[in-house]
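After this come two complexes, each holding chain A, first together with chain B and then together with chain C.
Showing the complex of A and B:
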């Protein structure tokens, strides 16, 4: 692990044991994010994006969730070995999370200022009430809300403002890692643009590493340096944004791009990915994208392909790419 | 003659604080076999417009002519017969289907309600036809909505809308709850059905790239008013209203070689309750003048077929 690495996830496997069977949510996922870097994690519903986020935060619901393997290094320490108490000290301090729905993430009966102060006091009990409050007001102003709204309740804020408050809470202790799980999905585009601009500049200013979970390639293009595409709990392609946008190689990544209607090109018909997402309780032994892939052959059923580095930093999990690489 | 002619349509809601102008003086024509896209942000009145047009909500005033008949003045009983011609596809395929009905029952429901036939064999044949049309496997006939994913549920919603052979369908955010790969499947299905059955759509969405893809014409709404309307592609090449420009600049584009600069919008949103006699966008508009704050603009044609609701549109766009 390099000196500059903020977080590293290695061989993460998480399954949910339910009455209907074992849901193989995350299957051997590895990645790392440098300090000051933003990595986009793109995938569809049920791909395992949120499970990865919850694993890092130590918030997986046990049961039904079970982590079969995996090491998660934050600041050189393996989070999977931490006790519940130790994790409480890390959450909000070293790693914090911004949730999707700003309407439900805040407590409706506590003043927003107090909700920010709570995090600050919890992680730095030596601060006096007045000092913590002052810091909370600074945080509010940093996310573009006037400090005099400190005493107001969440219902007095619009959706975009609430998400700013949540971001203020997440940043209050200057964490090394922020996980943003679809932070702008519930917002209108103009508000989304404002919130994204703000997150971009704050992340840059504080040199925080960020894992941005989204299904929108537009947002990835706008803010991320790296990107991983996830399907059925596996990273099928990862690389810099230049790799993913200019030279997508996995059929699933290509399929996602073909599904987005363009804003400047005229396309008569979209080219969707056929079929439905594979059932995570019944994953095949071979490539899990097989039944939806336009390029599948008998060879694809022979083995589960490995992630292959096709050019420095660009990884693809597809047997055709793997064979191409072996043949040079 | 257009299939649908909407004239001075208003829908106000009475609230404790005053009248909420959800839809205000909307005039629109939709030609048969075409799609009119309606875009805008939450609270702009686009869903209320869709519902008022097919009289799920009673309009406050104004008329809607459908196929030459004024549907706002007919009695409820007469409207019931007309309503087979106008159907709706709802946004949330999780909330709009009765969880205790099977797929076949859900699709048969409109046929039974409108008593198209009482013959059971005919009904189940019609249900199977509809399932084929929307791409639902016949083995799913006895499944319940909770067993199906969002894409399949939305196909049920589409089958229900098609069950009565309508001419006109209001699609209210039909793909917003779906993943992109499934979204593309449903958009293609809607386009195929339109060609096959000469359907006319009003397509309501907040997603600008989707609306560009599927529409012939687009109207942009802001706080109950249509602020700009023109041919679909034209809107993206020549947006004239300052709000349209800000909206377009805010869309994240999936291309790393384009530097994106969203036009910032500051200022308070005008309240839709008893709005003042002024341009409703003025408080957030970077070009607002005294005139904008003291009188409401009227829709004006900039170029043929391209109308804009802005006092300064001509001057700001060198027209």
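Showing the complex of A and C:
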């Protein structure tokens, strides 16, 4: 792990143990993000993206969630070994999170400004109330909201404004890592672009590492340097944005691109990925994308492929690529 | 805001008029001539007619109603008791404090117990303690108040003489009635608090608070409880109103001379003018409590507060334009 690494996740396995069975939500996921870097985590609903985010924050709901293995290094320290008290000092300070739905993520009975001041006071108790408030107003203005709206309540803000407030809360203590869990999914398209643009510039300004969870490749192309595609709790392909966009190798990644409408190509119909997402309570021994894959062969059923580095920094988890690598 | 409060206060007038109509009509349509209760059984037609005139029952029904409403509205005159010829107002004033005290003390104790228990139950969801509180409150809500009163009386007043069986004005004689009333209110409130809290601690904004690194204790107090108490507030108001009305049973069981017992005694004597007065008073108090709850809502919930203020602004705008 280099000195420049902000966060590193190693061999993360998380299961949800419910009465209906064990949901294998995250299966052996590893990745790292450098300081100042933005990594996109792309996948369908239920692929385990949010579970990865909550694991890093130590916010997995116990029960039913259970972390079987995994090490999460933030600033050189393994978060999985931290006590709740130690985690409380890290949350909001070193790692913070922007949640998916801004409409419900703010407390409806507390003034917006006080919700920002809370996180500032929490991690810097030496500040006086006035100083913390001053800082909170600065944060509000940084995300493009007039400071005089400090005294207002969340219901007086629009969705996009609320998300800005949440971003202000996340950035208030200048964390080393921001996890943004589909930050714009609940917003309409024009506001999406505004919020994304703002996040991008703030992230750049503060040189914060960011894990951006999304299912929108457009956003990934716009602000990420790195990208990992996740399917059924596994990273099936990862690499730089150039790798993924110009040379997608995993059938699932190709399938995802095939289902995006294109402006410059004249296509009769989009090609959706056939079939349904594999049941996470009943994952096969072999490649979990097998049932939906256009390239599947009998060989695919023989073993579960490993992530193989097909070119420097570009990893793919597919048996065909493995073979190619072995042969070549 | 002030406008809203005044508007809500003005609402009380039509509500009370409605109450007066219903209570008065009920008295009129109840079968049997009340005069029979207040004259000798061998009284002559003239004697009966004289009594009818004395009680004011000789007027047509609408006139009786108008006279009654006029008396209540202008002089707080609820008429005179048919049996004792005492002004109903004097009786009500004498007895009302007892009913109010019983309801307020009981509900106060109930709230003090119910909210912490409900919160603990929700925070330790599915634990043994939660299950225990759930079961205990279920049993307590299911027990009828009069049965509990009887059991307590036979245990603590008859077997061991810790408390008097009948109200005598001492603090001791308050213990059992307050206990019975508080238990009923407490178990209901506790369950409401628990449900409301369970909903709130799963809310996204509680997760946001955790992601800020806030401690669990403060998350419960500052973030969850404030939201969870909004529905509880309504329940407390309701409970208070119910206890005021429901005091009929408790007061009768323990022989407390409150409004409830007054009404029951009056019904026995067919002294309907007293029943009328008692019911109107209880309905009035109930309405006022609901009014206070509605107003306090806007203090607790900023969303309601601004909805109240924006309606005023909306109305002000066309006026300004004109």
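Assume the second predicted complex is superposed on the first by the 327 of 328 C-alpha atoms of A that agree within 3 Å, B and C clash if a C-alpha of one lies under 4 Å from a C-alpha of the other, contacts with A are read in each partner's own complex, and residues count from 1 in each chain.
Here, contacts are C-beta pairs under 8 Å (C-beta built on N, C-alpha and C of every residue); 3 or more make two chains touch, one makes a residue touch a chain.
Because the structure is predicted, anything quoted here is derived from the model rather than measured.
Applying the stated clash criterion after superposition on chain A shows that chain B and chain C can sit side by side. When the shared chain is aligned, no partner comes close enough to touch A:286: not chain B, not chain C.
Judged by the touch definition given at the top, the superposed model places A:255 against chain B, while chain C stays out of reach. Once the two complexes are overlaid on the shared chain, A:73 sits clear of chain B and of chain C alike.
Within the superposed three-chain model, A:155 lies in touch with chain C and out of touch with chain B [touch as defined at top].
In the overlay built on the shared chain, the residue A:89 is in contact with chain C alone; chain B does not reach it. Among chain B and chain C, the chain that touches a larger number of residues in chain A is B. Look at A:45: by the touch rule set out above, it reaches chain B but stays clear of chain C. Put simply, if you stand at the Cα centre of chain A and look at the Cα centres of chain B and chain C, the angle between them is 70 degrees to the nearest 10. Closest approach of chain B to chain C, taken over C-alpha atoms in the A-based superposition, is 5 Å. By the touch criterion given at the top, residues 41-42, 149-152, 179-185, 187-188, 191, 206, 208-210, 212-214, 233, 236, 246-247, 249-256, 258, 260, 262, 264-265 of chain B touch chain A in their complex.
Of all residues in chain C, only 203-205, 207-216, 222-223, 226-227, 230, 300-303, 306 touch chain A in the complex they form.
Chain A makes touch with chain B in their complex at residues 44-45, 188-194, 196-197, 215-222, 241-242, 245-246, 255-264, 266-267, 269-274, 276-277.
Chain A makes touch with chain C in their complex at residues 57, 59, 84, 87-93, 96-97, 99, 101, 104-110, 118-119, 122-123, 153, 155-156, 166, 169.
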